[in-house]
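Each of the next two complexes has chain A plus one more chain, namely chain B in the first and chain C in the second.
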Partner chain A sequence: MQVSTQNRNKGAVISVSGDIDLYTSPDLRKEIAKLAKKKKNPLVVDLEQVDYMDSSGVATLVEGLQLTGRYEGSFRVASLNDGVREVFELARLDKVFDVYDNLDQALAGF
Partner chain B sequence: MDAAAKKENAIEIHNLVVSFGSHRVLTDVDMQVRCGETTVILGGSGCGKSTLLRHIIGLRKPQGGRILVKNRDITTMDEDQMSTLLRKVGVVFQSSALFNSLTIGDNVALPLREHTRLEESTIQIMTRIKLDMVGLSGFEHYMPSELSGGMKKRAAFARAISMDPEILFCDEPSAGLDPIVAAGLDELIFKLKKALKMTIVVVTHEMESMYKIADRVVMLHEGKVIFSGPPEEFRVCEHPRVRQFVERRADHYGEDEIGRYARALTSES
Partner chain C sequence: MRECLDIRIPGHPKMMKLVRSTVGQACEMVGFCARDSHAVVLAVDEGCTNIIRHCYRDCSEEDIVIRIRLFKNRIEILLRDFGEEIDLEKLRDCVEARRRELEKQGPVRPGGLGVILIDSIMDRVHYKSSQKFGTVLKMVKYVSPRGEGEVASKHSE
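Presenting the complex of A and B:
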């Protein structure tokens, strides 16, 4: 899994590629926590290049939601493929996140 | 078997022979489990289903044959190799096998704490996700002794999937559950396969559940595979034992057998 971050005004976009699983999700968590500490708003995680994500990935994104919630920041998830969307649905957390079809939509208004 | 077909199999069993003392339990069992599919092992009580499962997960060594899991022969693996492989495997035991001294939440979290470098906060969220999947949301602080048999079974299921295993084995997952909860577990098995691309092996004799979840059915009778194929072929298979199973007909003893029984009984009196 590769993680790259771009700052966008007061916000940031984390672009992830590869698989998010038990062994790689701690790296994503670290990046989210680092940006949340800087109170980035919005904090967008772009999953366009992610083919597979397991429940540790969903749990990591839930933590992102919790961390940004502490400073009333907006945590957004963009570009889910069908497989990744199914994992959110499996965890019954698909309605909890602000999910956007693509990065442009996720950044609109910021 | 050519290399391409071999690559698609998560499990291959060749000529498996298992005996307990002089009693032969499995005889020359051959079967394959394809990656990303749900394979249901069917058969009557005592036909060797659970024994087969215990051998596939390496709890016992067979007297003969090979068992390849992810293309590696587990019959020759040492304990360390087996332990590494089992991290990618989840098992729901018939008896639940929860740790009675741990809460339900800690039972589910245990494999994650033991085998991953996930933060405790992530583990807590994953545990709640898994308990919610099996309908036990809010029960993380309960002890196993405080749960009903059906709830323990579901907690054991949550623990088995805590690491999102590549291969999930379930030994009679819905035995003892009411029809609604059993249907919920069937649905969960289907979703796990679809969303997480899990390979799933279920041992059961519940036909309704089999038709809902199976991509492939393997039926055992007297320690031998008597059918292997998709459920739609199983439904019309002409093998007498399969027909009996499909039509839910009881065994009837022949006249000779009844005569033997009656003679033995009366000669002792």
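Presenting the complex of A and C:
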């Protein structure tokens, strides 16, 4: 898994590629925590290049949601492929996140 | 057809990619559609992840044994760990409590999603645990008759 971050005004976009699983999710968790500490708003996680995600990936995103919620920031996820979307649905968390079809939509208004 | 494959891996997260690849190919051999294959791979990943995190507490030298049985109409996967005996009644209660929590869409918290995913995906899930032999998780998934995703139809009901 690779993680890269771009600042966008007061917000930030984390672009992830590869697999998000128990082995790799700590790196994503660290990046989210670092940006949440800087109170980035919105904090967008772009999953377009993610091939696979398990529940540790979902849990990492839930933590992101909680961290940004502390400063009333917006936490958004963008560009989920079918497999990743299904994990959200199976975990019944698809309604919990602000999910956008693509990055442009996720950044609209900011 | 009844074919069987046993693999033994160290209980380390970095082995999961290898497990996913193997299970994915086994699902293809049985004839699962891509969606169900992905779901079975996810369930096995979650089972192994739970062993590493909860039985081995992220730092074990112990192994996980994975037995994959291929049948004409189903796949059976057994995961065996060598950790301490688990309280199955407590596990069932935790799963039910977590499921109710998610159904109510209450306050979101990160943990306990793996067992929910396993339960949602697989047609049969059975745990057997003892002090002497550790825990065996048996999971069965049947091939959907018309090739439609079982997971999808289950979810949309």
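Quick notes on this structure:
The working rule: the second predicted complex is superposed on the first by the 110 of 110 C-alpha atoms of A that agree within 3 Å, B and C clash if a C-alpha of one lies under 4 Å from a C-alpha of the other, contacts with A are read in each partner's own complex, and residues count from 1 in each chain.
Rule of thumb we're sticking to: contacts are C-beta pairs under 8 Å (C-beta built on N, C-alpha and C of every residue); 3 or more make two chains touch, one makes a residue touch a chain.
Because the structure is predicted, anything quoted here is derived from the model rather than measured.
Under the clash rule set out above, the superposition-derived model of chain A with chain B and chain C contains a clash between the two partners. Once chain A of one complex is fitted onto chain A of the other, the partner contacts of A:Q49 are absent, as it touches neither chain B nor chain C. In the overlay built on the shared chain, the residue A:Q105 is in contact with neither chain B nor chain C.
By the document's definition of touching, of the two partners only chain C reaches A:V96; chain B does not. Applying the stated contact rule after C-alpha superposition, one finds that A:G83 touches each of chain B and chain C. In the superposition on chain A, contact of A:Y23 is made with both chain B and chain C. In the superposition on chain A, no contact is made by A:S4 with either chain B or chain C. By the touch criterion stated above, A:L65 is placed in contact with chain C alone, chain B being left untouched.
Under the contact criterion defined above, the residues of chain A that touch both chain B in one complex and chain C in the other are 21-23, 52, 54-56, 58-60, 62-63, 83, 86-87, 89-93. Residues of chain A touching chain B in their complex: 21-23, 25-26, 29, 52, 54-56, 58-60, 62-63, 83, 86-87, 89-93.
Contact residues on chain C toward chain A in their complex (touch as defined above): 13-14, 16-17, 20, 35, 38-39, 42, 45-46, 49, 52-53, 102-103, 105, 108-111, 113-114, 116-117, 120-121, 151-152, 155. Within the complex formed with chain A, the residues of chain B that make contact are 112, 116-119, 121-123, 125-126, 129-130, 132-133, 163-164, 191-192, 194-197.
Contact residues of chain A toward chain C in the complex are 19, 21-23, 52, 54-56, 58-60, 62-63, 65-66, 82-83, 86-87, 89-93, 95-96.
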